[in-house]
Every structure is written in C-alpha cells, then in structure tokens.
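Before I ask anything, let me first share the structure, which is written out below as structure tokens.
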Amino acid sequence: MSVRSIPRNELETLESLTPDKIAQILEVALLTTQEPLPISELKKLFNHELSTAVLSKLLYGIREKWADSGIELISVASGWRFQTRPDMQPYLDRLTPPKAPRYSRAVLETLAIIAYRQPVTRGDIEEIRGVSVASTVLKSLSARGWIEAVGHRNVAGKPALFATTSKFLDDLKLRSLEELPPLEEMKSLLDSGENNQNLPLIEPETDKE
Amino acid sequence: MNSVVDSQAIQPVARICGEPLMEIPQDLYIPPDALEVFLDTFQGPLDLLLYLIRKHNLNILDIPMAELTQQYMAYVDMMRIEQLELAAEYLLMTALLIEIKSRMLLPNPKTETEEEHDPRAELVQRLLEYEQMKTAAARLNELPQAERDFTIVQVLIKQEAVAQLPGVSIEDLSQAWLSILARAKVNRHHQIKREALSVRAYMSQVLRDLRECKQLQFYDLFSPQATAAEVVVTFLAILELAKELLLEISQDHDSRIIYVRSIDTAQRA
Amino acid sequence: MSVRSIPRNELETLESLTPDKIAQILEVALLTTQEPLPISELKKLFNHELSTAVLSKLLYGIREKWADSGIELISVASGWRFQTRPDMQPYLDRLTPPKAPRYSRAVLETLAIIAYRQPVTRGDIEEIRGVSVASTVLKSLSARGWIEAVGHRNVAGKPALFATTSKFLDDLKLRSLEELPPLEEMKSLLDSGENNQNLPLIEPETDKE
C-alpha cells in the first residue's frame, strides 16, 4: 500500500524542483484531469511561483514531446488538455461502443443557429428553421452541456435566451466562437434559373464579404 | 469544394421499398408510399422549398404554383392524421406561396413608391438564412467532436491508502474552550490563570519523568539548563501534583535526600 | 479536416500495424480508461488477433517506457491501468484540495480540555464538558499522537491522566503550551457578551460519539 511519503507542509520549495520535475508534475496534472486546465489553474501546482510565460514554454515542450504518440496536448477554450489523436478513435470504439450520440439534422441545425446567432430564443430558432423545435432537441443539447439559458427576452412569456457554453467549444476543440467555420454567403435565389445545371449549391460569392 | 455539397449529392433523397430515390421527380410528384420517408428527409416546408428551388433550378418567380400547391396540400392531408403541427406549417407555407403568386399576377398599382415591398423578398431572405444555417450545421458536424472523434485522456489519480487526518488549528481549540465556558456559564471550578497553564504543562512533564523511573531524587526533576522561572514553575508543578495526590514526596532521615515517587501504582502493574 | 477519414471497416489489418503502432494503441486505450483493462479486453483493440503473450510483452514495454514519469502502469487483480505515483499526490491536491475532514465537537473540546487543564482524567473531562466522553474520542487523539497517558491518579479505578504531547505542539506549530490563547482573554471575550451571537457552539449538546 502506498503511504503518503511527503507531508503537505514539507513539499520541496520550487527552487529545489528541477525543470524536468516541474514538467513531470504538469504532465501528470494534465493526464489525470478530464476538464481542460487553464494556466491559472496550473499555477496552483507550483503555489503560483511560476509565471505564465514559463508555464507556456513548458506546455509547448510537453506538446512537442508527445508529437509522435497516440495522444496530443491541445489548447481549447477553457485551457489545456490531453486527448487522443483522431486515428486512434476507431480502435477505442472497439473497446467501448461509441457513446457520443449521432445528432439528427434537427439537433444540428438548432445547434448551428444557437452557435452563430446567440443568444436566441426557441422562437427565433423556429423562425429560421420554419418548423417547431421539439423540447427534446433543446434538452439533448443542454444535457450534453453544449447550450445553456443565459437570460430571458423581455417580451410576453419571457422566453429563455440560449447560448453555447465553453464545454461546447472544448468538445469541438475550439478556443473561441471565432474559430467556428465561417458562415457562407448563400447563392442568391432570385437569379437562379439561368445557368445552374451543375448545381453550385453553396458557391460562396467572393464579391460579398 | 466543400464536403456538404458532396455528401448531399450522393445521399438518396429517400428510400422507397429499399430502393433509393436519388432525386425528386421533375413533376414534383411524390408517390404516396414515399411520403412518410420523404417528410422525414426534409426538416419542414422551408427545407423542402429550398430543396426544390436549388435542385430544379426553380426561379422563385417561376415556381409552378398550381402543382406545388397541390403537392403541398397532399402532404397536408396525409399529415393531418398524425402530425397536425407539421401539417399546419406546410399549410402556412402553401398559403404564403399562393399569396406571392397572386400578388405577382395582379397588376401593380403605379401609385406605390419604387420601394414597394416585394412579397418574395421576405421569403427569399428566410430561405437564404435557413440555407446558411443548414450549411453551418453540416460544417459543425464535420468538426472533430469529443467522444465521437477523439477521447479525452484521463488517468486515475491513485488516492492515498492512508485516510487523511483532520486538521486542528489553535482557533479550533479556543473555539472549543469558549463553547465549554459558554455552556458552563459560571465557570468557577475551572477558572485558570494564565500562569497556571505552564504549571500544568510541567505537571505533565514531571509525571512523564516519574513514569520512566520508580522514584527520583527531588533535584533530578530539575533540568540543569532550567531558567529560574522554569525552576519555580517545576517546583509549583510538583507541589500541585502532591496536592492532587499524584505523587508522594519523602525525605530520607539519614541522607536528607528528598525523593519524589509517583503514587501511580496502576502503571507498574 | 480528415477526422472521419478512416471508416471503421477499412482499418488497417493487423499485419500492416507496426509494433510501435500497436504499442501506441495499447497505451492510448490505457490512458483513456480509468478502470483496469484485462488482457481479454485489450485483445478487442486488435480484433483478437494478438496473443496474451504478445500483449503482455508490449505492456511490460509500456510500463518500462513510463518508468521515469509521474504515472505508472500497474497490473491489478482486474487488469492493467495507469495511475499516479504517490509522490505526485501533494501537487495534485493543490488543484483539487481534498475536503479536509473535521473533528467532531466532542473531540475538539476534549482536546482543548486536555491542552489547557493537563494532566486530566477522563472523569475531569466529563465534569468540565458536562457530558460523558466516549472512549473512541480519547483513542482517536491518542492514535494521532496528540495525547498520552502520563500517569494515573491514585483514586479508585486508577484513572489515566492525559496530557498533550510534543507532537501536538509540532502539528499545531506551537513552541510551547504557553502559546495557546490565554484563557482569561477568552473568558473576558465571553463575558463582554459582544461576540456571543457569533459563537457557533453554545447550544447544549448530548453527543455520544
């Protein structure tokens, strides 16, 4: 049985920690924590005695070290975390059947509208999609921790205003909403009818933004 | 090219008896058998209209309204049975389309301003916005997604085998003592002076010393390094212990040596 | 992004997987799973095309590779898993401070009485507290090394006399008992009445811990 060998109040002071040991501690913290760890959190590991610059340098060093492995250290909205490389997933799926749901178009469209037009009410979403939005759609996105009610619009009924969460960004490996794929300018519907046999369905128009 | 278009191009619109229906027939006629699947394929009237316009290069001006309306009405009839809400939405769309068509057909009164409201404008705007979101949704789905496309590393933190012990601060002790005092209200019996604490600490020490040896010479209880204050406190501690019948002090008649002996018989048993 | 570029049914066959790649997959599976993975489970990663012997050899290789890090690959009854090394614990505790257990009021009061009134018998403590003192209370304080019996009072039953130890002083960072807050100050604090409503523990209690 492992018994605590280092009492908390007798931890080595930072000076006695070698750079290797510091990197090791950082690595272990990142390997054991599922939520991304922001630099502010990582500083706690060293009683706030390490600067952001030093930590960043170490983090990039760790990232480098793992470059050829099956896992990668990445920086997302809420901080740094280790995750598997995409080519590992098919193997992992053999161990545990994929637990992440495949979202229906209704869910995906709702998510897109919330992500790009936030904050929006259910009514706004219905307006854009042209159909009513089932409560289960919003519930499944809330349950995943991807959307949340951030307030209420001050109109009759006080409908909830939905926005995406930082977990949504984290789970999509994004650091901010600006990293979402840019919205495309849609081909005008009024001047179709001419020469569109080959269906350039979503050809971006470069002259407009 | 973007993958949204690609994936949409290869996906069958619907399946009828297992056979993929690769595109909507030109005459817009949907076989009744396929209608249910067909409705599942489209998110709603807006989605269907967008599809028809894009797929068949329909100019919104040239939509064959009679056919389309008939078609939509047929869906509505089918849907009324099970999906009344969706039926209402298709019905609304049909009404809108008819309104647009009729307005286009009516002679345009010259009295209106140049900026006259184009009945198609709002619909076109909605269609475009919806199409934009539809594309965005497909793009979002292409992004690598936690748990689906990658897994977050999580190594077990091996917790200590030894249970963590509670910490106690001086404040905790003060607080505990205060609560005892508060309970006792008038604490006559146990009122202790500041100095008494050190006496009591030395009482413990004398008892410890006596635990080691059966009896000690009086002077052995005083450390050679002791300060004057410590000697006094130790002496007071010995007296207090004698008073509390915790030790016995005796003097040898011949040698005049003073012995201090614990009357603690239990520990020697 | 080429994330979905490897359809599950077109995974490389085992022959085309290099030993390094196999080890990488094993490593990733173990890094993402907190429960121990038995060999039988690990075989699923390779469609049962690898023998127990081969897998064991690879696992020992991975263990070797991680030997100098803050986590270790260990084999427990139900399989293999990565876990943190004990010396990492103090650092990780800084990220998520373990909820410090608290002593009960009975223990704290008993400790206070022994500290201020030593040497005292259990009877003395009970008299002061006005309630009986469970033997578990004295045992837990003894086990902690904070109190000890320094003798016995020469009365019927020869009750043990308890005193605080030097470990008690060390753990509370006191050089001597005189550094404990003086009682008469506390008394006057109590008498002044101004702080009475802030005393959390003044209601009578019948604890029987």
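By written order: A, B and C. Residues from 1 in each chain.
Simple rule for what comes next: a residue touches a chain if its C-beta (ideal position, glycine included) is under 8 Å from a C-beta of that chain, and two chains touch if they have at least 3 such contacts.
Quick caveat, the model's predicted, so the values are computed rather than measured.
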On a CA-centroid basis, which chain has its centre farthest from subunit C's? A
Chain with Cα centroid nearest the overall Cα mean is chain B
Could you put a whole-Å number on the gap between the CA centroids of subunit A and subunit C? 33
In whole angstrom, the CA-centroid distance of subunit A from subunit B equals 15
Cα-centroid distance, subunit B relative to subunit C, in whole angstrom: 24
Residues of subunit C whose C-beta touches two or more other chains: 3, 28, 31-32, 71, 82, 84-86, 89, 92
Give me the residue numbers in subunit B that touch at least two other chains, ranges are fine. 142-144, 149-158, 160
Subunit A contacts subunit C in the complex at 2-6, 8, 11, 24-25, 27-29, 31-33, 37, 41, 44-45, 47, 69-71, 82, 84-88, 90-95
Tell me, which parts of subunit C touch subunit B in their complex? 1, 3-4, 28, 31-32, 34, 71, 81-86, 89, 92, 98, 100-103, 105, 108-109, 111-113, 115-119, 127-130, 144, 149-155, 158, 160-161, 163-164, 171-172, 174, 176-184, 186-187, 189-190, 196, 199-202, 204
Mind pulling up the subunit B residues that touch subunit A in the complex? 2, 4-5, 8-9, 43-47, 53-55, 57-62, 85-86, 89, 93, 120, 124, 126-158, 160-162
Within their complex, state which residues of subunit B touch subunit C. 142-144, 149-160, 163-170, 172-184, 187, 189-194, 197-198, 200-201, 203-204, 207-208, 210-211, 244-246, 262-267
